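Quick notes on the structure that follows.
Each chain gets a letter, A, B, C and D, in the order it is written, and its residues are counted from 1.
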């Protein structure tokens, strides 16, 4: 069975395993205070053109999201987010577990707009009885979104401007950030993101690392005591250097973007083949997640050889599946898939 | 600089790295639902002689502690624990962050006694105004404790009996469990622990894994929906097989206990040398953490070559340091230390 | 200015003030353990035909909601509720503050249906990846709803059946319960509610008391240690007898329903006058809240003499206002309003 | 049975009941936004000589404590407090329920010292691994303490100075504040408290009101959005004017201090009689709580006519009881007690 159902089916880029082996018996202090972590912090700051940014490493996305959000909000504040946002739909209430409401907004292709954000903020702060309602205290977006779409530079700039007008931070979940940046449709660079967001993370788990997300905090107010929050939320890895080693390998010579590019190349081959064979797409995604609509018979036939993520039914005869590529997707597996479409 | 300051200075047992390399491009489903995790669950159940136990893997100790405790308690309940217990002293309030008070009891050499637990429970439930006070809802102990001591089978049995008499679970933090089990002073076996505790974990991070703790839940009431709690607390690793692979390697052929034994052998060499040279010990520890008292000049001299954990001052002229050995401690480093004592 | 904007504009039924004066210097123990509270508990159990119910008194609605919900749910569970439900829309995230997500469902005239509840539950528990999503652990409805509508006995029975089929409790917020029970459109009796809900409350604050909600818990599992939860949530009134005295006065001889009936009589006079004068109603409410649509000029004219709750704009020329009557509404104020319509 | 076991046995000062009756059918807006609340805010600011202070009314002490503390702390911070402090010992973990650890310090006669606070703060912030430990973010003291003692102006000033040196707020729980201020031993005035504390409250529940605590926030940083916190913690009374009416009555013409003085006069009569009859006192309290040591026979004899709060056993033959006076203590009841001593 060939697995296309997610982008964390395999281990990691072989370069990382090799570097783990090389450094294995080296002795370092714990908790991310070692020289490797310090080095990769510098690499990431340079890649982001954000020399004052704080860079901290967490193990996974849910942990990173809850830690960043709980760290930034006051108790009565909530976080604005698309109703399909990962924190609203797929994290078992991790944000609410820290005491905060997720303020879900209707989404369009996984995105929310600056106008929606402005309206939510304006309407809250115009209300004389605002204290009876959760105060929006942060905006969370995903880039790419949970359905593979991306924000344009203009959209991102507009959201950032609204946030800053209302003095609330913009947080960008970049669990698949590389797959966004590598998309031919993307006009946002890493330095743009660092400039427009107050805090974001560069995903490792889905992007070639064994695990790990690099949280980049450009807003100084959010940097204060952030490591206390990591520890309190159970996110401070004892052997923190494991995160440093992985991100150092990914960022030392451009490996991160090469791996991202591979996933996009594989996804575009699949997308073009699907379109050329007349499949309709549920969402027009320019990144590593593709959402073709199939008739059930095709779906059942393909399911004998391939594992997809079942996304939902369109009608009695048609379903949507998610096909994910990743840094690890083998070209011959794509060949085989295209052959059977 | 040779580091003896903690038991997570190095990477992992080479066998684990090798197994990670072998399985690297294998495709599996995520979140610990893969066949490797299932296999090692079975291995651990067998090692524990607990065929009905649930085994779940978490990344680190603070996360494991907070997840287990928050999962077991009702909102108004707290957890009894030694004042030196890790959850009370070193986790930045992770338990309180989930809404629960840590009910600290005075400790003796890092331990609490069944009598203390009984008195706390009896006194709470005898009080007509009990509802104005946090209800003890769980007992947490560490084995070995934070100062390297261990509970005897008789002590553990007595604590377990009190807990069950009052219908509250006993939770054993086994972050260094192997170093306890391998101690010549220990009369507790893994199966005893599984029989006496309602939930405990087998530490990986400090015991030869890159990271990971295997939570073993023998009490069926605590098994229900436990994986929701893992996810909500940010502890569900996407590539869960990484935890499976590590524990499979450790448990497949006795590697876990061999590594533990090595750390104990190294610790006993250091302890005997210290005692024979007339050093007094702050605590008489039979495990991998040793706490010699040194005069400051000796401490300063040794600190030029060795990194210890500074534990505190005894008087103007004497300090206590913690010397940790681990699965990774090199015999030649111990030789060098003994030479300079 | 005559105030119709809410149902807590005045103090309390004069009988309550008189009884407070009579008992003022009587000495009692605190926290609701006094004989008056015990007596009224018995009165309420009888009124509910629920001889085994626990009755506890809390000061206000938000407190009662958060305490009941936090007390019933496990950490990873959330509460299903209409998107207009008070806990979702007007309590500043009090439920989330206790760690739980409010799972909002689309509403129809303020109500949710048994089918919606069944679908949410069935869909959650059918999902193999359910642990990545908040588990629905309770259903919350308001009776009457936030827009004055009520559930029929058939609707309530159907929701109760779904809840019990899935072994989750049904919680009914009865902040305005009397105004529902007294409505000519209502076929639900207090005993029906006690039979169908696992926990509900009989509102005092909006129904003739100075403050206070009587929480009735019929499900024994929810009774256990409930008073700990009250205390922990800051809801245990030191002079608990104040709540007992108020509810004793309301329930000793039918005062509660007489006061409720008065509010309904006043509301029906207003509703009939509005309809007869050609006003359209935004929602067809059979209880003490009425929602007429007015053109802006009329609204501005009436606002010189009357205070309404501005509910929203319908279009450029029309608005919706909420007109509330209560136990305290003076007939002459209604006369004056009708005169100016 | 004459009750001396607490200071909330009776209703309220008759002047309050009368004022409630006079204002009963007056219509006001809710939630403490009415003119009466505004008026009494001004009275309290004047009494405190704190023209910029925010004054908010909450129903009870546990609620006030949890709301103030949760509002002031960042997630990883805890509150320093005497181990006997009400928040640590008698509130069922209400503070921990909001996610924060209570950092208990050893007490002397219910008090902590500026030196203790300084040491706790200095030791935390000197530690390079501070992020593994809860950060002290506030100091909580009670005035009078839970055992009736008071802080001198010098002690209070010293604690305040340490807090401000470390930029953390000082919070004073004044549930019995009047009984402290009225004590002949007290050299602290209300204005001193307002000057030295960042936030404190003036107790009503135990001081002649039916219920209610007036929270005074002098530190502007703690004023921001405080009402959101009140609402979120279930502490925003719908008929907020009830709190305004009570405190207006207490503060309009000095009633609060007259009632306090009465309680102190009664307590001093009892204390002097006890001392003159040779009773020893467990604690030398200058306020309305007295803690005589009695032999068990005397205790049993007195318990036939009087209700005391049993405080604990001293030895096999002797016990400590708490005798509380209050604004409501009848002189003839004191006479009878003195007659039977």
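Details
As a convention for this text, contacts are C-beta pairs under 8 Å (C-beta built on N, C-alpha and C of every residue); 3 or more make two chains touch, one makes a residue touch a chain.
Since this is a predicted model, take the numbers as computed values, not measurements.
Using the mean of the Cα atoms as each chain's centre, the chain most removed from subunit A is D. Seen as a C-alpha superposition, subunit B sits on subunit C after a turn of 180°, to the nearest 5. Distance between chain centres (mean CA atoms), subunit A to subunit D: 49 Å. Averaged Cα coordinates give subunit B a centre that lies 42 Å from the centre of subunit D. Shared interface positions of subunit C, defined as residues touching 2 or more other chains, are 75-76, 91-93, 97-99, 131-132, 135, 228, 231-232, 236.
Interface residues of subunit A facing subunit B in the complex, by the touch rule stated above, are 1-3, 5-6, 8-12, 14, 17, 20-21, 23-30, 59-63, 66-67, 91-94, 97-98, 205-206, 210-211, 228, 231-239, 242, 328.
Note for the complex: subunit A touches subunit D at residues 70-71, 74-76, 98-99, 130-132, 135, 225, 227-232, 236. Interface residues of subunit C, counted against subunit A in their complex, comprise 75-76, 78, 89-93, 96-102, 131-135.
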